[in-house]
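Lettered A, B, C and D in written order, each chain numbered from 1.
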Amino acid sequence: MAFGRFQDFLSGLVKRQRGLFFTGSEEASIDELLDKLMGTVGEVSAIVTARQVLDHYDDLTDDHKLGFFKNLEQNYNANQVAVKLAFEAYDEEPSSTNLNKLSKAAEPMRHELLRRLNSTPDAAHNLVGMRTDLRNYLRDNPELNSVDEDFVRLFSSWFGRGFLVLKTINWSTSAAVLERIIRYEAVHEIKDWDDLRSRIDPPNRRCFAFFHPALVDEPLIFVEVALLKDIPTSIDSILEDKGTGAIDSSEYSTAVFYSISNCQPGLQNISFGNFLIKQVVQELQGEFPSIKTFVTLSPISGLQAWLDTKTDLETPELIDLKNQVNALSLNKEATEEHGHLIKQVVFNYLLQAKKGKYPADPVARFHLGNGAYVYQLHTGADFSKKGLSQSRGAMVNYMYDLRYIEINHERYAIDGDIEFNDKLKSLLLEP
Amino acid sequence: MAFGRFQDFLSGLVKRQRGLFFTGSEEASIDELLDKLMGTVGEVSAIVTARQVLDHYDDLTDDHKLGFFKNLEQNYNANQVAVKLAFEAYDEEPSSTNLNKLSKAAEPMRHELLRRLNSTPDAAHNLVGMRTDLRNYLRDNPELNSVDEDFVRLFSSWFGRGFLVLKTINWSTSAAVLERIIRYEAVHEIKDWDDLRSRIDPPNRRCFAFFHPALVDEPLIFVEVALLKDIPTSIDSILEDKGTGAIDSSEYSTAVFYSISNCQPGLQNISFGNFLIKQVVQELQGEFPSIKTFVTLSPISGLQAWLDTKTDLETPELIDLKNQVNALSLNKEATEEHGHLIKQVVFNYLLQAKKGKYPADPVARFHLGNGAYVYQLHTGADFSKKGLSQSRGAMVNYMYDLRYIEINHERYAIDGDIEFNDKLKSLLLEP
Amino acid sequence: MAFGRFQDFLSGLVKRQRGLFFTGSEEASIDELLDKLMGTVGEVSAIVTARQVLDHYDDLTDDHKLGFFKNLEQNYNANQVAVKLAFEAYDEEPSSTNLNKLSKAAEPMRHELLRRLNSTPDAAHNLVGMRTDLRNYLRDNPELNSVDEDFVRLFSSWFGRGFLVLKTINWSTSAAVLERIIRYEAVHEIKDWDDLRSRIDPPNRRCFAFFHPALVDEPLIFVEVALLKDIPTSIDSILEDKGTGAIDSSEYSTAVFYSISNCQPGLQNISFGNFLIKQVVQELQGEFPSIKTFVTLSPISGLQAWLDTKTDLETPELIDLKNQVNALSLNKEATEEHGHLIKQVVFNYLLQAKKGKYPADPVARFHLGNGAYVYQLHTGADFSKKGLSQSRGAMVNYMYDLRYIEINHERYAIDGDIEFNDKLKSLLLEP
Amino acid sequence: MAFGRFQDFLSGLVKRQRGLFFTGSEEASIDELLDKLMGTVGEVSAIVTARQVLDHYDDLTDDHKLGFFKNLEQNYNANQVAVKLAFEAYDEEPSSTNLNKLSKAAEPMRHELLRRLNSTPDAAHNLVGMRTDLRNYLRDNPELNSVDEDFVRLFSSWFGRGFLVLKTINWSTSAAVLERIIRYEAVHEIKDWDDLRSRIDPPNRRCFAFFHPALVDEPLIFVEVALLKDIPTSIDSILEDKGTGAIDSSEYSTAVFYSISNCQPGLQNISFGNFLIKQVVQELQGEFPSIKTFVTLSPISGLQAWLDTKTDLETPELIDLKNQVNALSLNKEATEEHGHLIKQVVFNYLLQAKKGKYPADPVARFHLGNGAYVYQLHTGADFSKKGLSQSRGAMVNYMYDLRYIEINHERYAIDGDIEFNDKLKSLLLEP
């Protein structure tokens, strides 16, 4: 059966037509190309011009990229008169018809511009990259947040959940994908192809990633899993196993999610990670009926930063606790000796340090927001340089219990409630 | 390698969770379910509720469906106060920030509602069906056009071109798809599976369709092609061939698109047909380098309806011509005897009968809008009942010449210009 | 990723080279072509000549086909002198080296001939068809059994089990395969595409087939399965269900294999059927953990033929029983009235009628040889014309209990032992 | 659609049944297991025992492996009495029936033994490995050649051409395959994954391999190709390009096969390599119509070994030429300075050094046997250590001209004729 991706067809069109339509115009500035893109009628012209814009963009210097986004922010808004007229009609008679007219009039032209750019083959790669750039300018150019919002609104629609595909990553996966897994691993670095193989090939290891058809070979997010007989208390036992710990597949009781990496900074705030672990749990349950426990082994990446700050809202007890921990040396011995103290400060950090109503710690936000709860704390669990300096060597097990996930998620989403194992309660200081 | 469609995972979730969350609420009205859908926080709850809405909708009577759309039209607009405030801020300072805020405030809540419905598995099938229903109410309930517009805006984004996949339809295609080809054929009826086979299996026949990943097994539009040594002058020679006309593949000179069917009324105005033939031309060129001519053999489906009407804008000569043709009997003999007269009326119909600046004939609009031009007219080309009664037995070859497609398309799109073969010029009456 | 079947490449070669090598020789007789095939050195020439032989064979009349096989039988044996010399060397010193030499000298040249024919693309289809023809000549030309044996020896190697692929046949299967399922169904005729759909599409029906990569789109053997809550007592309840009996998938307790068809007469005696049901049982267990019972509902296709014969070995009691049944009318009423009598004759037929040490009934031979045992007999179970005339309306459940399959199979294979349900024991006459 | 490899089903069977059937017998010696395998009736028992034999074999020491093969050679021949009787019947009446009986009686039991071993899942890997071992014993145990012959006869049938699949090897290929490409490259070593990528990923590089369904992830033979504008004169320009030489795909004129590696020593003498390049030529012609020249850039791996030997058959002129070259230093400078001399010795080596009627050089045998001809010689083409020491830095272009391949192949196969470019004629000494 002959198959043909429409993208491949368009690619052919772009290549062949480029010569026909654009001799000479290669010299056009990117702003002129944008004008042309918005003015064109022909569909083929549009996709050829869109490709030109995207290629041109890639060659821009940092300064010119900033200029490009400023142009988007300033010159691709709306026709103010049309908006006013549409509003007045709506204000007089707020019918659905008038609302729709207003909605269209008030739609930033950037939306149409991004849609037209997206009509050219492989534009998704370029546009995700474009937003990655854009986010670097936001701090110093807050007005560009409008442009970022437009990207988010369109990406949310294009990267809809219905298109996501979960794939197993293993030694049969293509090198093109595996190379990116090595590159994107953000929690526990993968040193080389041998190290990669030790994480995805042994029978007691699994790796899963979400993909999207518009981003060929590009994982969006992936999780590495270790299959074990017990909940692990340190990361080294996992990273150094190399498959020697494999046992008969019916004896595994526990799946540990020990590394979760988001791959596409350009897709920040486009949510799909919150379904990843739930789907992986389901896949693993199907393959290994004996596994009943699904936990993470997670870093506490914001701990030290929080220890280093003080706010007026903290109780004297908490301040005292933080001071005690800060006084400890950052080495293995001190960490082992003062395990209980560290455990106490970790738990109070997770529960009391907030960003709005949610936890300040990003990893905690991710798992608690997914409906997991805080199950166990381990000190002396990660003696890597990063582990000591960020988390005082401590790690957390967040527990994914499918029975409670939805209720936990709702409570968390509405009230910021954090569920935890009762046994940890005694660690909590009065807030 | 384990693969998992996210849709399959969500389906499992919906099945398992329905019992958990919704005991009792099965009795909720569809309006209450919509309220619930818009109020929910939990992601799983949302996709379960969405599925309930869609299932509930399917069980509604026609009257209740109309009520459902009226509810959408009346109660899912926007917060009028918020719109007013957003407009005032924008009016005072028309920054991109304020525009974005206005744009969001003025977005009809229907958009979010449709997005939430679309989060549940296989929602695309349901929503396309929903719009099919909706279109039936538009004539008598013009206010529902607002709702239809919202469907169009969201469908345009979801059914983006980048996702379309062209597939060959042949005897190796699944029965699930072939059954729909039989059902959806709109031009020359397919009588049974044997008739189908005679159109897709012989070496001198081809069939291509566009598919979209969210609509599994559902062709969006398909075209049937005959490979020949000459441009055909009648449809019967094609429909009755049954493959006996197959010759050595290097001897074909002409590909004839003799039937094009849109399959999804719920996707009307979402354009993808205009790329279908261009991509098929490219596929055929790759497979058969000897084929240089790509034409349609098309009905003139609006001819008789136009003959039956009169307008003040018509010249006396045209009126006279129409009268002469109307006086002819609707049978084979009369049609053959007065070939030239019919040819004349057909050509003037194609060029002069307008809907706005474009041709009144829908098939002409499709092909001319694609960049084809009128190449030849044939009388006595289709003696089927439908052929005689709609088109006086006449048919048209629209020519797809890739060199001129883009320029033809642009002229047509901007000015409504219709290109035609010079040899036809003498048939034209002064307008 | 570019893939290329080697067969497709060879097909291209054959097409292109045919003109180059064989202008003129199209007139060669098939015997001359065989000579040429055995004499050629060039590999491309060999595959082109092989294709010519196969095409030429297809055009032969029945008489000439018989002549073709006689030629194979008479003229493609061995060099008698070489055999004699090789034997003498072996006889003198029966070393492995001398045995190998003798083995090669005594290999009928037909083997090499068939191997060379099989080097051309799609030869498998032709050779299987060739043996189908051959089997028709065996009765009147018993010397051709040698040729048949050579086919069997080579087919056994080419159609090795390791290549068999089990596929689900359902409404997503290609029309090219489904058409053959309709054609090959040998037990309960499939009337048309709607009837087919009712057997493979409903959620309480399944169909599985074995395929081989060299026979594209050609099922080798297939089985139709009904999922039920109880062991069925008649075939009509299954054939007329049309899916209305579908229940929640967790409630099925029983899988019934109600139709098993061998598709390729040319592959007779090449065993693979004996693994089909075992693998299907395994697939169904995976999908439906609630199904614990796997039985057939099988015809007793040799019953009436046996009733019509008499042998000296039969006891007076058995002859009397047969006479009583033969005296019954062949209609529904008589069959229902004398159920017990029919049951008795059926059971004694299954256990006492023999072909060598194995049962005379071919269906019984298949299932008992697979390790199943006789579980239940049903009278009034198939009132179709064929059912009444072949089996007096009776059917059998053969039970597949995976725990006993291997031991049953061994006992049956070695001693011809037939296992049955103890409850049936009272039906047995003294042999 | 559910698919199930029969192999996977058998694997499950073997796992589950092993416990049932073989408790205790794990201790059986491999010779006892072979006895059991030949004696068993049950099909499941047979595939379980076969797996036991293969696993047991893997654990044997070298000495015991030799013992295993000696056992095969001595004890799995034929029933001498049966052979004698069959011969006598045949000798008296040499009918096809009697020949077939003799053929079966004289078939070494090793054949049936290997067939039974091959019935167990993944046996192909084991048996290919077994023959790899066997070949190491042949020199010192020439009687084992009988066993090797039996392997060859069965492998020839199992690894029939019709099953070979050509796949493109590129950066989208699975790591499991790529890892083997690195390992099996036998001509120009691949240093690491980056080096691999530079050979398969750039647009001006291609790699193709033959695979067989029974050897999952195992390439049988692969070829690396460089796309160029000219025939290259040295290997370094190819190995060091890293894709920087990529040009517009329509500008390539030449495909260079610069490395061909056989991967499976256990499949030696099972021919499929001779079709690899022809099929690759066809694939490349389809993708790059501008490529008209298909040549190798090949080492002359036997040159120095030949220079180091003398035979009585050599003319004084040839001996003199060899002496001159042997007197040269093995370094870049000497090689460059005496280019013509080296060219002369190379050409006379290729044409005059023989093994039987064919060239002594293994690379020459491969390409000339494929129908290629000697097109150009390059000195100073490979300054690697291996290149200098084996070939005096020289390389050959063998030309694949599809018009002459078959005729060249036939002449070569029948008479050992070597075709070469007329321009090289002057280099030839009188033989």
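In this text, a contact is a pair of C-beta atoms (placed from the backbone, for glycine too) under 8 Å apart; a residue touches a chain by one contact, two chains touch by 3 or more.
Note that this is a predicted model, so its numbers are computed, not measured.
Here the CA centre of subunit C is 38 Å from the CA centre of subunit D. One inter-chain figure worth recording: subunit A and subunit D are separated by 49 Å, centre to centre, where each centre is the mean of the chain's CA atoms.
Inter-chain spacing, taken between the CA centroids of subunit A and subunit C, is 56 Å.
In subunit C, 172-173 are the positions where the chain touches two or more neighbouring chains simultaneously.
If you draw each protein chain as a dot and join the dots that touch, you get one closed loop, with every dot joined to exactly two others. In this structure, the chains touch in the following pairs: A-B, A-D, B-C, C-D.
Contact residues of subunit D toward subunit A in the complex are 171-176, 178-179, 193, 197, 217.
Those residues of subunit C that touch subunit D in the complex are listed here as 1-7, 9-10, 12-13, 17, 20-21, 41-45, 73-74, 77-78, 80, 83-84, 87, 90-91, 94-97, 99-100, 102-103, 106-108, 115, 118-119, 121, 123-124, 143, 145-147, 149-150, 154, 157-158, 160-168, 170, 172-173, 210, 213-214, 274-275, 278-279, 282-283, 287, 405-406, 409-410, 413-414.
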